[in-house]
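In the two assemblies presented below, chain A is common to both, partnered first by chain B and then by chain C.
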Partner chain A sequence: MKRRSLALRLIALFYVGVLVGAPLVLVFQRAFSPGFDSVWHSLTASDTASAIRLTLVVAAITLPLNVIFGVGASLLIVRHPSKFTRLLDTLIDVPLAISPIIIGLALELAYASNGVFGRALAHLGWQIIFSWPGIVLASAAVSLPLVSREMVPLLREIGDSQEQTAATLGAKPTRIFFTITLRSVAWAAAYGATLTLARIIGEYGAVLIVSGNITNKTQTLTLDIASNFENFATKQGFAGAALLAMISIGVLIVLSLAKQRERKNYEYHD
Partner chain B sequence: MSITIEKVSKSFGRDEVLRSLSLDVPSGSFTALLGPSGSGKSTLLRLIGGLTKVDAGRIWLNGVDVTDVPVRERQIGFCFQNYAPFRHLTVEKNIAYGLKVQRRGRREIASKVEELLALVQLSDFATRYPHQLSGGQAQRMALARALAIEPRVLLLDEPFAALDAQVRGEVRTWVRNLQHDLGITTILVTHDQQEAMEVADKLVLLNKGAIEQVGAPSQMYDEPATDFVRSFLGPLTTFDGVSIRPHELELVPESASSGQVVTITDVVRLGFEVRVVVDDGTGGSTWIQLTHDEALLGNYAPGQRVRLRIRRESHA
Partner chain C sequence: MSLVILIPVIALVGHAFTGGVPAFWDAITQTEALDAIRLTVLVAFATAFINAIAGTAIAWVLVYDRFIGKSLLNSIIDLPFALPTVVAGITLVTLYGPYSPVHIDVANSWVGIMVALLFVTLPFNVRAVQPVLESMDFSAQEAASTLGSRPLRTFTYVTLPTLVPSILSGMGLAFARAIGEFGSVVFISGNEPFHTEVASSYIFALSQDGELNSAAAVSVFLLVFALVVLGVFGFISRRISQRIQ
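Presenting the complex of A and B:
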């Protein structure tokens, strides 16, 4: 029995190691082999620095939008079910099912300066595609379901008896929302938000289409890494890749802490 | 605080849950709303609490019409079956919630919470979180939280259903004594007739959205108004084609002068209570409820032939 579990562990470790562990270690090794000065130099090169800035700006805009949308949509789906919310529930899942490339293409069709909505917006002087608003739209679209996927099951599980109890204790709806509803789903929302952040900063396909991939202008970090490799600037490419990997691993750590905390809080008494 | 319910009706979609129901709950009483699932008892409790709106009819608290008063202004203590603890707050903060809503002073809240913690025997658990409590402790916390706002009425929805059988008995006694000491008008919903008879001084038996009978537990047990009440309040068995309570029957030796000769098919020993199942030869089975001592005296065993008759002291 013990020997078998040891064998299973080794197989699992080997599989994960071959797929993720070893290649990732190699990325770090390759990125840092020329020394820290060189990495710093690569990351502060104008194209990479501009890409990091754009990625952060896009994340800073998209993340709050999708968290607010996700929290609102989850509450609507669970607490006020209707034909509309069933449709909403299905539509939110679409980005999980279809390729980001298709999302990018669809956004371009709609919002390019000769597109269905894009033409009207262009008249107002707003350029969406090949500009940062398009990148925000693409990032928001691909990460749309991540907050509500975490929150909906939790909201279903905990029901609304806490809110009703608060009402019997004299609390008004806004107070109940902020002191009970939001607090009781905070960790699930935080978990969804970190997933969303990871998705936004790591997105490649949809952003590639809508951004036009213009160096120093509309390249996010993922696009910059790819174009550096295409242009044989591998040192700079690996530095960017190592940075992105570090951010993602950081997010992963936050994520697992949030998950632990959530489990602790919602595991029910004996 | 008395409660008067007048011709209250409630439907969910096409499902008529309460049909023009009227009820008076005297001040200070401990009333049990008893009935099978789907009888409308929980809905009635929620209507009194204001958590659900009535379709028709009026509800009065102490002579004041509260039908259209929102739940937060009704000053009702409501405990859910799952206790609905605020999981992100400690025990003391759970209890303090209603007091904070009322904007009481910090010192007043602290002393009141301390008092309530002592009342529900949770003083040592003040800084714990709900997930660190046992079921019984979580329930006492929910009670303290409800009592904090000095409610006019205490409404308890299946308060003992989620507890272990062993704890349940203790908690029942405790709740009953607490209600007695505080004198607060209390309504409890349960599907368990034994529980209702044990804690309440008044039973309201509901069936299919209407009241079958209202009365003191012993009165309803002894003088059931309908067959439904009779069958709901205690076990029944059939003897001689009529339904009868199994403790109203007795077994006597085959040599006795009266009684029907039957064969024992099973003897189930449950501690104080012993159930003897007999076959009267026509294929119908009857069971008799005996005390441990009676069963010991008769030394009953399957296969034994005895006589079955109605107990003489029984009025059935």
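Presenting the complex of A and C:
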């Protein structure tokens, strides 16, 4: 028995090591082997710096929108069920089942200046596709379900008895919302928001299609990394990749902290 | 919501059927399209199958084994979820491609595509099974071994059936993800039409060539296929868990 479990442990470690561990080590090895100066140089090169700036701008616009949408949608789905929310509940998960390439293509077809909806917008002088609003739309689409997927199960589980108690005791609806509802789901929302941020920063396929991939203009960091790698500027490509890998590790740490806090919060409420 | 999902999906379906059903059929039965779809489905299925076994074994180790570094193993499992696909893509082709530092070259082949898919879908398989193992009640296993059942027999007939629903739902998620995967695959696959071009990469190529209607047609087919597969996996796993109860 003991020998069998040792063998299983070694197989598991080997599999994860080859598949996940080795690539992680390689990213940092490739990025930092030319030295810290070179990494700094790569990240401040004009194309990469402008890509980082664009990624940050897109994240700063998309993240709050999707968090507000996610919180609102989850509350609607759980607390005010109707035909509309059932449709919402189904549609909201669609991005998880679709290839990001298809999401990008669908957005292009809808909003390109010769597209169904884009023609009207083009008349107003708004360019969506091959410009930053398209990148915002693509980022919003791929990360749409991430907040509500964390919040909906939690809201179902905790019920609304506390809110009802507060209401009978005479608390106003806004006060109930801020002191009870929002507080009880805060960590789940934070968890979902972190996932959303990671997805926005890391999205590649959908953004590749809608952005037009123009260096110094519509390239986000992921697109810049890919084009540097393809153009044999591997040193620069891996510098960007290492930056993103560090962000992912940070995200994982935040997620595990949020999970612990959420559990603690929940036990406390019990 | 309708801005980012509903209107685009309607536009997609509209474009797919612009030339009517014959044009749609024509687009998805092009040799290049069929080759890409066949390759994608086969490799995605093989991936889901291999990771179902590996993922279950890893989940088992994470729940019942105790060793130094286990929590590191546990947290590294989620990395493929958090790591941008393009980072995975360029790293995997550097590590297991023509300039491999460990002299393993699987680039430009279906094996390379599978390595990328195994990487991105591993967390689905592990995380689907792990919670079930954590809350498992071992009284049935103890009863079986008291009655003289060997460990392997107990595992096959008592433990495994209770795990099957969660293994299947993990496989369903992994399969759906693998069918649509792009960023992590395109660098290692080489994208050679008829040979190593996956479906999402074919759709991308069509869209770059301005063949938007054909791209939309293949997308709609792939979308429906992924939803059907997810539905089937969900249905089977619900049926089995009902029967167990």
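The rule we apply is simple: the second predicted complex is superposed on the first by the 258 of 270 C-alpha atoms of A that agree within 3 Å, B and C clash if a C-alpha of one lies under 4 Å from a C-alpha of the other, contacts with A are read in each partner's own complex, and residues count from 1 in each chain.
To be clear about the criterion, contacts are C-beta pairs under 8 Å (C-beta built on N, C-alpha and C of every residue); 3 or more make two chains touch, one makes a residue touch a chain.
Keep in mind that this is a model prediction, so the values were computed, not measured.
After superposition onto chain A, the modelled positions of chain B and chain C are compatible, with room for both.
When both complexes are overlaid on chain A, the residue A:P64 reaches neither chain B nor chain C. Of the two partner chains placed by the overlay, neither chain B nor chain C lies in contact with A:P153.
Of the two partner chains placed around the shared chain by superposition, chain C is the only one that A:L244 touches, whereas chain B remains out of contact. Contacts of A:S161 after superposition: chain B is touched, whereas chain C is not reached. Using the contact criterion defined above for the overlaid structures, shared-chain residue A:G170 touches chain B, although it does not reach chain C. Comparing chain B with chain C, more residues of chain A are touched by C. When both complexes are overlaid on chain A, the residue A:L107 reaches chain C alone and has no touch with chain B.
After the chain A superposition, the centres of chain B and chain C are separated by 90° when viewed from the C-alpha centre of chain A, nearest 10.
In the superposed model, A:P81 makes contact with neither chain B nor chain C. The superposed three-chain arrangement places the nearest Cα atoms of chain B and chain C 21 Å from each other.
Across the interface of their complex, chain A is touched by residues 1, 3-12, 14-15, 54, 57-58, 60-62, 64-65, 67, 73, 75-80, 82-92, 94-95, 101-102, 115, 118-119, 122, 151, 176, 179-183, 187, 199-201, 203-204, 207, 212, 215-216, 219, 222-223, 226-227, 230 of chain C.
Interface residues of chain B facing chain A in the complex, by the touch rule stated above, are 49-51, 70-78, 80, 82, 84-88, 97-98, 101-102, 129-135, 137-138, 142, 145-146, 148-149.
Contacts from chain A toward chain C in the complex involve residues 1, 5, 8-9, 11-13, 15-16, 19-24, 26-27, 30, 69, 73, 88, 91-92, 94-95, 97-103, 105-111, 115-117, 137, 140-141, 144, 198, 201-205, 208-209, 222-223, 225-226, 229, 234, 237-238, 241, 244-245, 248-249, 251-252, 255-256. Listing the residues of chain A that touch chain B in their complex gives 158-159, 161-162, 164-172, 175, 179-180, 183-184, 186, 264-270.
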